[in-house]
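Have a look at this one.
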Amino acid sequence: MTRDKVLEIRDLAISFKTSGGKLCAVRGVDLDLYRGETVAIVGESGSGKSVTVKAIMGILSKNGAIESGQIHYYYKDNDQDTCQDLLELSKKQMRHTINGKRIAMVFQDPMTSLDPTMSVGNQIMEGMLTHYQTPKKEAYEKAVRLLELVGITNPEARMNNYPHHLSGGMRQRIVIAIALACDPDVLICDEPTTALDVTIQAKILELIQDIQEKTGISVIYITHDLGVVAKVADYVNVMYAGKIVEKGTTDDIFYRPQHPYTWGLLLAMPDLDTKTSKLYSIPGNPPNMTKEIVGDPFYPRNNYALEIDRREEPPMFQLTHTHSAATWLLSEHAPQYDLPQELIERIERMRKEEAAYGISK
Amino acid sequence: MKKYIAKRVLLSILTLFVIILVLFTLMQWMPGSPFNDEKLSIEQQMILREKYGLNDSVFVQFFRYLKNMLVGDFGDSYTISKNTPVSLLLKNRLPISLTLGAVSIVIGSILGLILGTVAALKHNTMIDTAATFFSVIGVSIPSYVFALGLSYYLGFRLGWFPMLYSQDQGAVAYVLPALALSMTVTATIARFTRTEMIEVMNSDYMQLVESKGVSGMQLILKHALRNASISIITILGPLIVSLMTGSLVVEKIFSIPGIGQLMIQAIQSNDYNVILALAFVYSAMYVGIMLVVDILYGVLDPRIRLVKENGNG
Amino acid sequence: MDNSINKTAESFKFIGTTGVLTIEEDYSEEARWKQMIKRVARNKGSVFGFVMIIFISFMAFAGPLMSGYEFDQQISGHESMAPRIPLLEKVGLFDGSETLKTSTGELVVNKYETLAGGEDVYHWFGTDVLGRDLFTRTWMGTRISLYIALVAVIADVLIGMTYGMVSGYYGGRVDTIMQRVLEIINGIPSLVVVTLLIIILKPGLLSITLAIALTGWIGMSRIARASMLKLKESEYVLAARTMGAKDFPIMYKEVLPNIFSQLLIMSMFSIPNAIFTEAFLAFVGIGIPVPMASLGSLISENFKSLTTHFYMIVPPVLVFALLMLSFNLLADGLRDALDPTLKEV
Amino acid sequence: ACGTDSGNDSADANSNMDSATTGTNGDKTLDVQFDVEVASMDPQIGTDGASFEVISSIIEGLYQLDSSGDPVLGMAESAEMSEDGLTYTFKLRDASWTNGDPVTADDFVYAWRRLADPDTGSEYAYIMGIAGVENAGDVIDGTADPDQLGVTALDDKTLEVKLSNPVPYFESLMAFISFFPMNQAFMEEVGDDYGTSADTLIANGAFKVEAYEPLTTSIKLVKNEDYYDAENVAIDALNFQVIKDSQQTMLSYQNGDIDVVALAGEQVDLFKDDPEFVNIQDGFVWYISPNTMVEGLDNANLRKAIATSIDKESIVNTALKDGSKPANYIVPVDLANGPDGEDFRSTTGTYLEYDPEAAVALFEEAKDELAAEEFTFSMLVEDTESAVNVSQMLKSQIEENLEGVTIEIEQMPKKTRLDRMKSKDYDLGLTRWGPDYADPMTYLDLWVTDGSNNDGSWTNAEYDELIFSSQNGELSLDKEARWEALKEAEQIILDDASVLPVYQKGSAVMIKSNVSGVDFHSVGVPRVFKNATID
Amino acid sequence: MASVSEPLLSVENLKQHFKVNRHYSVKAVDGVSFNIYPGETYGLVGESGSGKSTIGRSVIRLHEITDGEIRFKGLDISNKLDKPTTETLRTKMQMIFQDPMASLNPRKNVMDIVAHGLDIHGKAGSKKERADRVMEILERVGLSREFAGRFPSQFSGGQRQRLGIARALIMNPELIIADEAISALDVSIQAQIVNLMKEIQEETNVAYLFIAHDLSMVRYISDRIGVLHLGHMIETGTTEEIFSNPIHPYTKSLISAIPHPNSAIEKKRVALTYDYESSGLDYEQGSQHLVEGSHFVLGTAVEVAEWMKQDNQEDVLGLS
């Protein structure tokens, strides 16, 4: 199976000017997205997930600056394979050629991400009208079809509703419909379900999967819930302090995690059978990004920290063709170590569970 | 919605009633009387007070006033336009003041919106600072200084516009006074717009709109300004009223027969009926504008509509 | 992959978690107000505003003592003299001459030359039609204007804040009634009320201050109420209630400190308002009693000489505009720094 | 209205100075500035100068004033006074109202009764008593019916007036607008609407109203072709434009929009050398009224000390500049001529002149008498520019000359000031009095004991005696003796400093050089435009 | 688990209606009953708007309750409170909140925040005693003593939540209401807080009313669980009972929607759908039916019998 690259981020670094000084929110991110696949980015709050994808969309806030890097976007322009570095486009070009049309985004909070003064129908149609000058009638019909697609019953009636008429789950569906309106190649979902109930979350996730199946769109999915990752993602990027610390297929990450931070994330989530009297927790807090980071930013919280972590940031160690992690533990010089006991048990349980569900690998 | 408006109107009427009562009381405390000219003897004054019913008890006066008011009779002016029905004065002067007010508000709002929006879009740049500077200067130079300046340069020196108001000149007569008056409006609206726009531009839904690829004028007009205008509308109401009461300065400079000047003249000469009628007009205007603002609010902001519909059960 | 760093076995020793200690320094020790001052200080406008306010206040205090003239001293023969400033006069600026545009042609006059002993007389801002030194009067007027503004603001904060907080905190019927009352007060045009009040109370400094204070607090009460409405549902107020705190302690100890800065900013916006209302009253003729002066009364007094002796109106207008600008810039800056609704940029 | 051709007799440097309009179609329009709106167009109701000027332009009474201020016949063709001076018989000329009705004696009877009738509520009703018309007092009080008033129409064209005592200034009063006629039929037809628009106004004078509404800022009059003396009216139209701001006024004047304007304070400096600049003498006298019931001010020496510490010369030159004169008297210059044909002022003395040394001496005396060193008085002042400026100079001068006296200025609207003074709630009050008729009595009767304008409660039996006798006692029958008595009365007042006169008002006006014949009067109607001409 | 002892808190048929206007009121909680025993954790789950927070707030008397009876330590706290009852309620029952930032007064320093309860009830004692108590509690929740002079803004989210717990703990409460106390926190920090809460419970035998919508945490921490839907308690029982044998279709849909951190199975799972409108159920008609032990479900006899027949575990696994 050949995989078409859609998006290729290289060495992306972004900083913000703040009252506390310069804040390096993203410190050299590499990320690849292939056609029809879903990449998840997980990590704690403040690790730079949103900033990364906002850079793709060209909607960084004014105080933000791209320090370095490229975002290559591969697409077919008049049947010609074209590659474009999005960071080189002006804001205007971005809006005209990329935003909405080729890359669309769904935001975290459905309650605040719709314009309260415009009917949802118009909000869906707006993109089409702007980008393709679609005739109104056609746009209307397409909007109705989109509403159907995202599972809204009685779509014609909903077209005239205003956001406040709708529940959170409905609104998020609308936002997804807006994103899909111009048939983009890439859909970026920034924690689209965090603000929603579990049951609704499940529905939205299934909806995204469904749409992906139908349209073959590529999805970047941001979350800090590994359960969600498990459900939607093909590939996972674990992000910490503005860097990707581990990347791999979903199975790589769940069954063969390499980075101590990933271990922590996995263990902090009780699964159905967690019975231990204490949950595993990563001690401490994420680093303050306004301070210069020396060494591995994770080392103060890391039970497996090595002396070298204090001084030098680990590079990415490639394990397999899909799997890599940035931790000195993978270095040839690293001492012997065992995975945390709970993790071993957890993986064991997962395998059992698999069996219970009758899935064989 | 209808029920809501009816309820609001009723409340407004009640409010106005209380306002008249308050004004009436204040008026009783005013020192002096309309009929104390040097030339008038005490006996003569008593005759006049008797004639105009000022010797009756406050209650009698108040209810008589209310009763007459219901049929559009605001009494006669005592001093500043002797024996002229106040309603006639209003009829003559109010349209002029309203026209002037409306023109100034329109000019001021448009300029203010533009200025504020530009400042917000260029937040923290020289342009922003310049806009802020301009709008503050706009409110801090007293409008009479500004008015006389306009009259001197555009009227006297260049002769573009008439320096004095006259009814037969039509629209040109309003240009200079409206410009002078609209300074405050421009400045106030600009400042407010700037704040609002900065907030709206930072909101989540604007990010979504931008990520849809909407940009430029469409982004600003259809989304940002529309959302910002919801709160801008709220200051427009009080602004209009303060503009109307504050217009006396400009009225004086340009010899405009408006109601602003009348009010002050009336207060200074104890012309009770004129004071009451004008204060009533101002209050009614305020209450009316607030009503309109509330309704407009509903038109602009669909969320409000919902609440109000619910409000009717 | 390997680079110059020595990757000895030493480097690859487990050191375990060292985390907990490093967390502390991550979150700044700086007190909130220090951060705020820093933020305000970075806003050039508000720094300018602040410095200007200090300067103007200083001049309001010291200015009248500097010129050697009394603010109400009418020197006969010194009427309507143009500004004359030592040193600057040497370069032809402010040398006491002015051009009169009479109907029979332009006329350059320098009263200092025609005045007996005039060569040693200096009026830095000139004099008014009654022969009073405008420098002294301008700063004296600033003093009065600042005083009016200050008193108005204090009353504004006290009345408006209490009214708004009580109304917002108790809500329900109390709120409805209080808001209705407010609507009525607001419905009466404030200029009318102020004028009426002053006439009733006998014109004078006290009545002017009182009238401005009595009518100016409505905006403040709105803000206080809105903030109270927002904060009374906030979790820390709920927390206080679950622990059994009483209403007034909650209002004054929990809520007030949190909205106070906001109210203070609001009150800064009401300073220009108060100064302006006073200027309006001066224009109407019921301002500060003569021969005292406020910026407003100076402007409307000297306005009458705008086309004859232009220089007379310049100092009060300039100080007035500067004062307004400064208060507005400072308030803007403070709001930007303190108001969380305006995101940090 | 920018005239294209200018009568170039004012060869001035400033090209902005246009002259009065002689429009292309030959219309001659005179544009006049008012600084206040007209309060009433009803001759029996109007009380202010602006109203007087407009009303007198459209309605004419028995007499009118000539350019020197002397009464000459108007609607009356002839007048006859009985031997005892108690009966006047007027023959009316053939004249008509603009509604076509002839002007009849009944029009006068109707108007006069209307004036005196308490139901009308005219503020000037009392002037009927001043004119000495029989039963005037009782009618005004409501104790007698208006038709008891001593005025009768003997026939359509003959009017007889009966007086209760001889009134030397009766003829000049007849030029006062309160005594102007009114067409009864028209008045009754329009009723309360009288004077609310051009259609509800009637004229028998030189002009008629073309555009008017209450409190408007511009009034348009046009020549009344039916006026009996129309051929002598040289202008075709007369516009009154209200401009309150003095600087705007001058801009409009320079622009050519207005032909006749009044100058205020500072503007005088710029225009005083202009050939179009004119100084006019007014009848108003401004003075300080001391409340003699107040401790300190009950002392004549203190009052005199204050009065003589006022440098009136410097006040008129600095604060006013409009041609006002220092007033060392209370009866103004050029008010009235005596039986000898001389102006009252020119044959009597001056009082309370500025004399700082005398003031100090008097003050020392007063301090001894009062056994006090320091005095603080408040001074009520109305909130007009000139009054405020004058009061500041007064304060400064008094405080400087009399060490120990402090004056606190209280500014307030005029109505409030009058109220405070009437209720005797004041120390010093800066106030003024304007003449109602050309006789010193219009001033001198103010200070009789318990007089309604005697705010300061000053009382002097001798003075009272002189005034009452001159009004309707013995002295009223002897013109010369009366005249001397009035001089004596003034002396009594001022020697006791019951008022502290400051200045007699003057006005500075600009009149376009091609305009002439605008008459200014210090009594009654301030300006008369009927005789104006435009070259 | 001391189900034999007297309940610490008993809620009987609690109704909490909010008047929106004259014609309309929201029945946020409509006849809910449950007990909490000393030292246990009672988890309350349900979708947004189901009335979880309202129950919490009614119990701690932030609302005047519409109907029903609440007893705490044997005292009736559902009506007007007398002085001793107030005292007991306000000290022995405490609450911790969802938003760690919003629940701390940003203008007060840690010392004053934590000592607030002591101050209100005049239990602070001398200045030193007060400081000592605060220090002690701070250490107990894992914060350093030096923090006492700092302000909330100088702490991270997890640390702030510890402060919230410290503030409650200082009163020696017997019941703590935790309304979404961890849902605003990151996964890793959530675990820290949950561990802390468990430790404290072991030490002091405090009971929790744990309100959350994150079922995996609720399951981990709770002894017993109540499932709330539209203001009704539709199912309650021990954690084991609920999870291994969910009866009510809503409970099932809820459980099936929990995402498992297991990539292999999660891809295949489809959550059960439940829609009240189309389900044909009417909560008003139902009554509590005993399933077994302490396991109750809301429904009519017919419905319950119907549900009991199904293999519930199988449904929840959600394999399509």
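Each chain gets a letter, A, B, C, D and E, in the order it is written, and its residues are counted from 1.
The criterion applied here is as follows: contacts are C-beta pairs under 8 Å (C-beta built on N, C-alpha and C of every residue); 3 or more make two chains touch, one makes a residue touch a chain.
This is a predicted model, so every value here is computed, not measured.
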{"item": "Set of chains whose contacts include both chain E and chain B", "value": "A, C"}
{"item": "Chain at maximum distance from chain E, centres defined as averaged CA atoms", "value": "D"}
{"item": "More contacts between chains, A-B or B-C", "value": "B-C"}
{"item": "Whole-Å separation of chain centres (CA-atom averages), chain A against chain D", "value": "91"}
{"item": "Euclidean distance of C-alpha centroids - chain C vs chain D, Å", "value": "48"}
{"item": "Chain centre separation in whole Å, for chain D relative to chain B (CA means)", "value": "39"}
{"item": "Interface hub residues of chain B, defined as touching at least two other chains", "value": "31, 123-124, 148, 152, 202, 267-268"}
{"item": "Multi-partner residues of chain C (each touching 2 or more other chains)", "value": "23, 26-28, 199, 202, 285, 306-307, 343, 345"}
{"item": "In chain A, residues with contacts to at least two other chains", "value": "61-62, 283, 285"}
{"item": "Chain B residues touching chain D - in the complex, by the definition given at the top", "value": "31-44, 47-48, 51-52, 77, 79-85, 88-89, 92-93, 148, 151-152, 155-156, 159, 163-167, 252-257, 262, 267-270"}
{"item": "Partner chain C, residues of chain D touching it in the complex", "value": "12-14, 17, 246-247, 250-251, 254, 264-267, 269-271, 273-274, 276, 314, 318-319, 383-385, 388-389, 391-393, 395-396, 408-413, 416"}
{"item": "Residues of chain A that touch chain E when the two form their complex", "value": "44-45, 168, 196-203, 205-206, 224-231, 233, 250-251, 253-255, 264-272, 274, 277-283, 285, 350, 353-354, 356-359, 361"}
{"item": "Of all residues in chain B, those that touch chain A in their complex", "value": "123-124, 202-216, 218, 222-223, 226-227, 230, 300-303, 306"}
{"item": "Chain C - residues contacting chain B, complex", "value": "44-45, 180, 183-184, 186-193, 195-197, 199-200, 202, 272, 276, 279-280, 283-285, 296, 299-300, 303, 306-307, 313, 317, 320-321, 323-325, 328-329, 332, 341-343, 345"}
